[in-house]
Amino acid sequence: MAKTKSSFVNLIVTLAVITFVGSLSLGFVFDWTKEPIAKAQMARQLKAIEAVVEGYDNNPVTEKYKVVTLDGKDSLEFFPATRNGKRIGTAVKTKSGLGYSGDIWLMVGFDKAGNIIRIQVLEHKETPGLGSKMTLPSFLNQYYGKNPGKVNLKVKKDGGAVDAITGATISSRAFSESVQMAYETFQSVKHDE
Amino acid sequence: MTVLLNTVLILTGLGIFAAAIIYLVSQKFQVVEDERIGAVENVLPNTNCGGCGQPGCKAFAKAVVDAESLKELHCPVGGNAVMKQVAEILGIAAVERDPYIAVVRCSGSFEHRKKTSIYDGAESCKIAATLYSGDTGCAYGCLGMGDCVDVCDFEAMYMDEKTGLPVVIEDNCTACNACVKECPKNILELWPKGKKNKRIFVACLNEEKGSTARKECAVACSGCAKCFEACRYDAITINNSLAAIDPEKCTLCLECVETCDVRNIITANVPDEKIKHATDHRIRLEERARKKKEEEKLAAQAAQQQNGDATKQA
Amino acid sequence: MSAGLLTVSPSPHIHTDLTVPQIMRGVIIAMIPALVFSVYNFGLGAVYVTLLAILFCVVIEYSIARYLLKRPASIYDGSAVITGMLLAFNVPTNLPWHIILIGSAVAIGIGKMSFGGLGNNPFNPALVGRVFLLLSFPVEMTSWPKAGATWSLDATTSATPLGILKDGLRAGDTVPELMNQMPSYADFFFGLQGGSLGEMSAFAILLGLIYMLYRKIITWHIPVSMLITIALMTGIFWLVDPTRFANPLFHLLTGGVMLGAVFMATDYVTSPFTHRGMIVFGVGIGVLTVVIRLFGSYPEGVSFAILIMNAFVPIINSYAKQPRYGSKSQRHKAYQEKLEKELTSTK
Amino acid sequence: MAMRLNKHKTFKTGGIHPHDNKLSAQVAITPLSLPKMVTIPIIQHIGAPAKIVVQRGDIVKTGQILATHEGFVSSNIHSSVSGRIGVIEEVMDSTGFKHTAVNIRVKGDDWEEAIDRTDTLVEEIKFSPKEIVSRIMEAGVVGMGGAAFPSHVKLSVPEGKHIDHLLINGVECEPYLTADHRVMLEKPKEIIVGIKILMKALGVQKAIIGIEDNKADAIEIFQQLLKNEKHIGVEALEVHYPQGGEKQLIQALLNREVPSGGLPADVGVIVHNVGTTYAVYEAVQKNKPLIERVVTVTGKSVKQPSNFLVRIGTPVIDLLIAAGGVPEDTGKIVSGGPMMGKAIADLDVPIAKGTSGILLIPKDEASRSEVYNCVHCGKCIEACPMGLEPYRLLIMSKKGNNKRAKEEHILDCIECGSCSFVCPSNRPILDYIRLGKTQLKKQKSV
Amino acid sequence: MTMDYLVIIVSAIFINNIVLAKFLGICPFLGVSKNTSTALGMGAAVIFVMTIATIITYLVQHYLLVPFHIGYMQTITYILVIAFLVQVVEIIMKKVSPDLYQALGVYLPLITTNCAILGVAILVVQQDLNLIKSVVFAIANALGFTLAIILFSSLREQLDGADLPEYMKGVPAALITASILSMAFMGFAGLV
Amino acid sequence: MMSNTSHKENFIKGLVKENPVFVLLLGLCPTLGVTSSAFNGLGMGVATVFVLVMSNLVVSLIKNFIPDKVRIPAFIVIIASFVTMVQLLMEAYTPALHEQLGLFIPLIVVNCIVLGRAEAFASRNTVVSSLVDGLGMGVGFTLALTLLGAIRELLGSLSIFGFRLMEGDGMLVFILAPGAFISLGFLIALMNWLKDRSAGIKR
């Protein structure tokens, strides 16, 4: 079988046909997966929110809003959780750049009084086996039910009340710091509705 | 739907753009290179052993394409099969070569050659050879440290621990010439593989006179010329008290083999019966020749006598 | 001839007495003072860890050489003992035996034997083992028993001076404040500080250095260039801001600087050949150590610095060459002119 | 670690300090009794073999010419004894290879008449430079410092080269050897005349005798004798192997460096050994060809370490017997010094013009010890007097990478053996360097 | 401002070294590192291509994909552009500067299939860098690659002279070397 | 070219004799990058199999219509299309895995195996044998990745496919970059040894 020659028309036509067919089929796949992807993303966010504030009946994701932090450098996403139209809590998405490696993203759930309900680690690149232990209940439990306004949430080494993860003070410190930031930002605005 | 449209338009556009540019650029900046070089390179064994005399397989490919002839160039590793393919690619006549194999031209094993000193330098024949003529009496023999084995790329050699001499593994040897070049004592030699892999050669290089040679090594060739006399085809020559067989002339009649009193004419792939047969044949021939001579002598004598008688009579 | 067969070999026919096993024995002797000080400080734990590490290293090297590589066992040259000892010197005295075993296996198995044994390894085996352990068991590797003649195996843990410094600075304290929490310089010098087994006493290590210099086992180039670099660099930072940076003396006497400079950076196999190269190497280690100590997240950087510079050794070797005899005539115009003059003046 | 206040000069790059073991330093030179048979190879020098001019059965006198030089870089060979020429055959000489040699059965001691055999010192130099060179050439004088390079060639300085210094090599840096030392002690005046002859031949104004400071007595004698000489100096040198290498000696004495691939003449210097200088004296003033030389016989187990005056061609065994026999524990016999000498495989090897000593090494020191991998200690680099990187040359040569080896200046190596000596891993460094050099030279000649 | 660039550079070269920490471009890293001169050639080629490719893909991203909402086409458009670019450069270089082609060109086809190039182009987008920062990031990463491959090749050259265990020869020994190198580079953690 | 060897052999060779990772040393980036656990290795492997098989199929179908000059761009577009499809499908249906594998999914495009096989095999062989080849190579790749992932997971966190086998911490290094290099290095050495042993070669 003879190979097609590298003439001008041949080049253009082949590549055009291939890109055309490729893009067409891709376009269809994209169309087809558009919804599942969106759903999956939504499900992920909701799952995280559900893990930190329970019992809402609204869709906090569609109602989310942004609040600028106290130092004005950044803004955090707030996900209001309401039941029967009444605010039962807020999930705050916060991050810290002070981790051992990369940013740590947390979802912190506050009740109306500013007590921590639950915390979910959304994303981190800490060392598996060390910093990654911050996803374990034994570490997270220390925070639950506490009000950062009343309890010093720093690690013990820095004079606070939190037991750092052994060998991962840096991660623990970053974790506490971002919870603190979420709390302070949360307190800086009124959430009456 | 706009997304689909955008997708198709942009990607196809990019594709057409790319194809057009590639075409234009390649038109403008074309470089021609002989494609046959690559083709030849593909069929070569690509071991880069250098046995062909070129620095590597690629160089060989280039050389054949440039030369357009296979008279001078031959890949010993690929052999005739590969060279035929090469010839096909180039569209020229193939040139067949007899296959060769490396042979070890020393039979001075430990028991035959007594040590006269203990060599204690670096383990290398080449180094020993720059230091002195060897740790045995024989200045021509194998030094036994296996430089040749080390250079063989085809695992076709090993050192025999009992004899201290290298052994060539017939099936692996590609006649690449590496060991021949490596050996500082020129013990190895490329030899025609022979019909049905049969071949004979003298496994000694000692050029000393007979008595000295035998003192140095119990199986040295003494240049006694018995084999020389036995050969009916002029294939054996004696130079500097050393017999050598010319493989071109040798017909593998095997008649010389048993004449050597130290059996230093080595045969490969020849069954013992054949040698015995050949020897018997030689003896018969010799016998016949002797008889013939005797008869002739007798005849001559008789003739003389007759003559004498005749003259007497006359 | 009464003498039997004569031996024949190329010249030279005589050889120095300082052979590899001899050298290795010398290094081991030089390390003994440091070990003694450590026993004084940490008690039997030091002996236990050291013996265990040596045992593991030797046994592992023997097994790998004999059973995996099928080569003659190479342990008699003594280098495995040094590796074991130095590995032990680089870990806390309360390390569990299984971690010591892993460390030895990595040092010898990965760091040394997988490259073919003595002389072939590009990286310092003991440090490969040490860094592997540090990365694998950060908790165990960074809790040191308290110094000061505690003779039981499970003493309370304490941080090293460098650890205190790093943590304190992170928490916002200043250097002078932190210095008050630390032992005196004399204690540093004689080894009363928290830390790994063999790095305690600068004094003991210097004894070893002097011995090795005297025996001509090592030359001064690596240790001196490395120590001077560290002193200079930390000195500059200290002068710029004494509240954020500790003084050079502190940096020289704490952590593994002395141990590294004297015993680990000088390892023949993994350091450059020429004196010039050694100086480049020493300076490189010094710079990297200071950078990691002052700006990285590890309080101590000597091990990493040495390993990184190990990687540069082949490059250093191909550039830092010894001046060649005869190259002077090509290099120096002045020399050529002088010679010219000498030659013509006598004409 | 010894601190010396008045440090003597030495060369700058590399070098080592082996034990010097000069066992025979205080033993006066004694003439060895005439052998029964001599074997005189017709090549004992660098260059072309000489051409034999005698035949089997001829009767020759001591000092009679046996073979004449072939071409300029070659040397005459004289009979060292009187007697009848035996077979002319290939024999194993001290190089380890077979070369053509003339056997002579000794009968009486009948010298050529022209040779002045008296001991009187002849100081006056009657010959012109040309005549000096031709007398040296006729007498078959070759360098006795090791390389056995024909001396007349060195004295014929090529056009365009200007020589301003003659260096006399009295260093004898090889351990054990004392032949030069004894010659300096016993024939200093003759050597000084020899120096003047060489200076005249070369037309130089300045000569320096370099002697290592472990030969204080020799230094003193020359200082005494040369007190009033403006043009000839004596310089004490720190003991440092291989100070005797001419390149090192030039660096030590004059702080000049012979360029890579160059000759001493390129930096205005000619170097001659003291033994050679004495031979020059005898050749020019006494008309005596080079037929005998001083040979040190030594070794830790040798009964009487000695310095013998030996006729060229005498078999080694004769010397050994005269020195008290071959000790039981002999494992290796070296012709020359322990650093650069050649091990010989049997005892019938003849003494040649270049043989400065016979060293017997006991069995337990005869073989090399276990070889380890290179531990990168850099000691070989530190030791190399040429500033090379011996470990690298070994690797390249082993891999057959001669081109790279050449770029790394393998051809500059003077084969002093310092690198192999110091290597703690006992690596056969010089073995491989020598191989690399040989192969490069072979490549060049092809 | 300058601090930002310093952070990008130090991080890309030492801390998050593209080969030793991010595992990109491993195939050429192992394949073309047998001796230092080819490693240098490869390094230079990577620097060249990575810089240009990053610029072009940046433009594609911001002027085609984003405005037309077809971000999901990133992979395919990028790789098409890169493959096209490399091929054009190769053809031109072969003709215009055969010397340069000898030095760099032979590595160019290898680069098309080098994850490092595409990887960096995608990372640039993920990290939302501006054009200048993207270029700095690309060059720094390429330098990181070059540093790693040069160090590595010199180490491998040295290993050539060593007698490695039979089964460790070649790639296994190279990988062990890479592992120790990457452990050593972990010492830089937290530098920025 | 390959038509005379059976498809079975053709398939098997990708598993062992020409294993893309251990023998051909291709596709090492994902091999090292995603194998911090067995599951990730498996996931990456499966994604690659899909792309490999599909692109081999298409390339062998249209090989004769593609002029040399645009061979590489054409192949790459084909491969990239399949990769993007995988990417989209994974994002939709296995979002967690998609996140774990991250950057390495788009990088399947430049995975040397895929283009390598398209170039070296599919562009010269029949459709069926290309399919088999792609499947063999892909499965070989998957096996290698899973094995490597399992080893690293086992040593690094004392578990396999997420099941904890033992209490305590493993050797962290094995989850980090150096552990990937070490494990692969020794695995390849082991493979070399096995290969020689099965061939009866003793060294």
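Letters A, B, C, D, E and F mark the chains as written, and numbering starts fresh at 1 in each.
Note that a contact is a pair of C-beta atoms (placed from the backbone, for glycine too) under 8 Å apart; a residue touches a chain by one contact, two chains touch by 3 or more.
These numbers were taken from a predicted model, which means no experiment stands behind them.
Colleague: Can you name the chains that touch chain C as well as chain D?
Modeller: Joint contacts, listed by label: B, E.
Colleague: Select the chain at the greatest separation from chain B, using centres from the mean of Cα atoms.
Modeller: The most remote chain is A.
Colleague: Looking at C-F and B-D, which one has the bigger number of contacting C-beta pairs?
Modeller: Of C-F and B-D, more C-beta pairs in contact link B-D.
Colleague: CA centre of chain A versus CA centre of chain D: separation in Å?
Modeller: Measuring from centre to centre gives 86 Å for this pair.
Colleague: Measuring from the mean C-alpha position of chain A to the mean C-alpha position of chain E, what distance in angstrom results?
Modeller: Roughly 31 Å, centre to centre.
Colleague: Once you find the CA centre of chain E and the CA centre of chain F, what distance in Å lies between them?
Modeller: Computed value for the inter-centroid distance: 21 Å.
Colleague: Which chain D residues touch at least two other chains?
Modeller: 96, 342, 345-346, 366-368, 373, 428, 431, 434
Colleague: Indicate the residues of chain E shared as contacts by at least two other chains.
Modeller: Only 72-73, 76, 80, 84, 87, 162-163, 165, 168, 172-173, 176, 179-180, 183, 186, 189-190 qualify.
Colleague: Two or more other chains touching the same residue: where does that happen in chain B?
Modeller: Expected reply: 3, 7, 10-11, 14-15, 18-19, 22-23, 26, 116-118, 120-122, 127, 130-132, 135.
Colleague: Pairwise, which chains touch?
Modeller: Per the contact definition above, the touching pairs are A-B, A-C, A-E, A-F, B-C, B-D, B-E, B-F, C-D, C-E, C-F, D-E, E-F.
Colleague: Contact residues on chain F for chain B in the complex?
Modeller: Contact set of chain F toward chain B: 69-70, 73, 77.
Colleague: Per the contact definition, I'd like the list of chain D residues that touch chain B in the complex.
Modeller: The touching residues are 92, 95-98, 342, 345-346, 366-368, 428, 431-432, 434-435, 438-439.
Colleague: Within their complex, state which residues of chain E touch chain F.
Modeller: Residue list for chain E touching chain F: 20-27, 30-31, 72-76, 79-80, 83-84, 87, 109, 112-115, 117-119, 122-123, 126, 165-168, 171-176, 178-180, 182-183, 186.
Colleague: Provide the residue numbers of chain F that touch chain A in the complex, in ascending order.
Modeller: 36, 62, 64-70, 73-74, 77-78, 80-81, 84-85, 88-89, 91-93, 95, 156-157, 169-170, 172, 175-176
Colleague: Residue numbers of chain D touching chain E in their complex, please.
Modeller: 373, 395, 399
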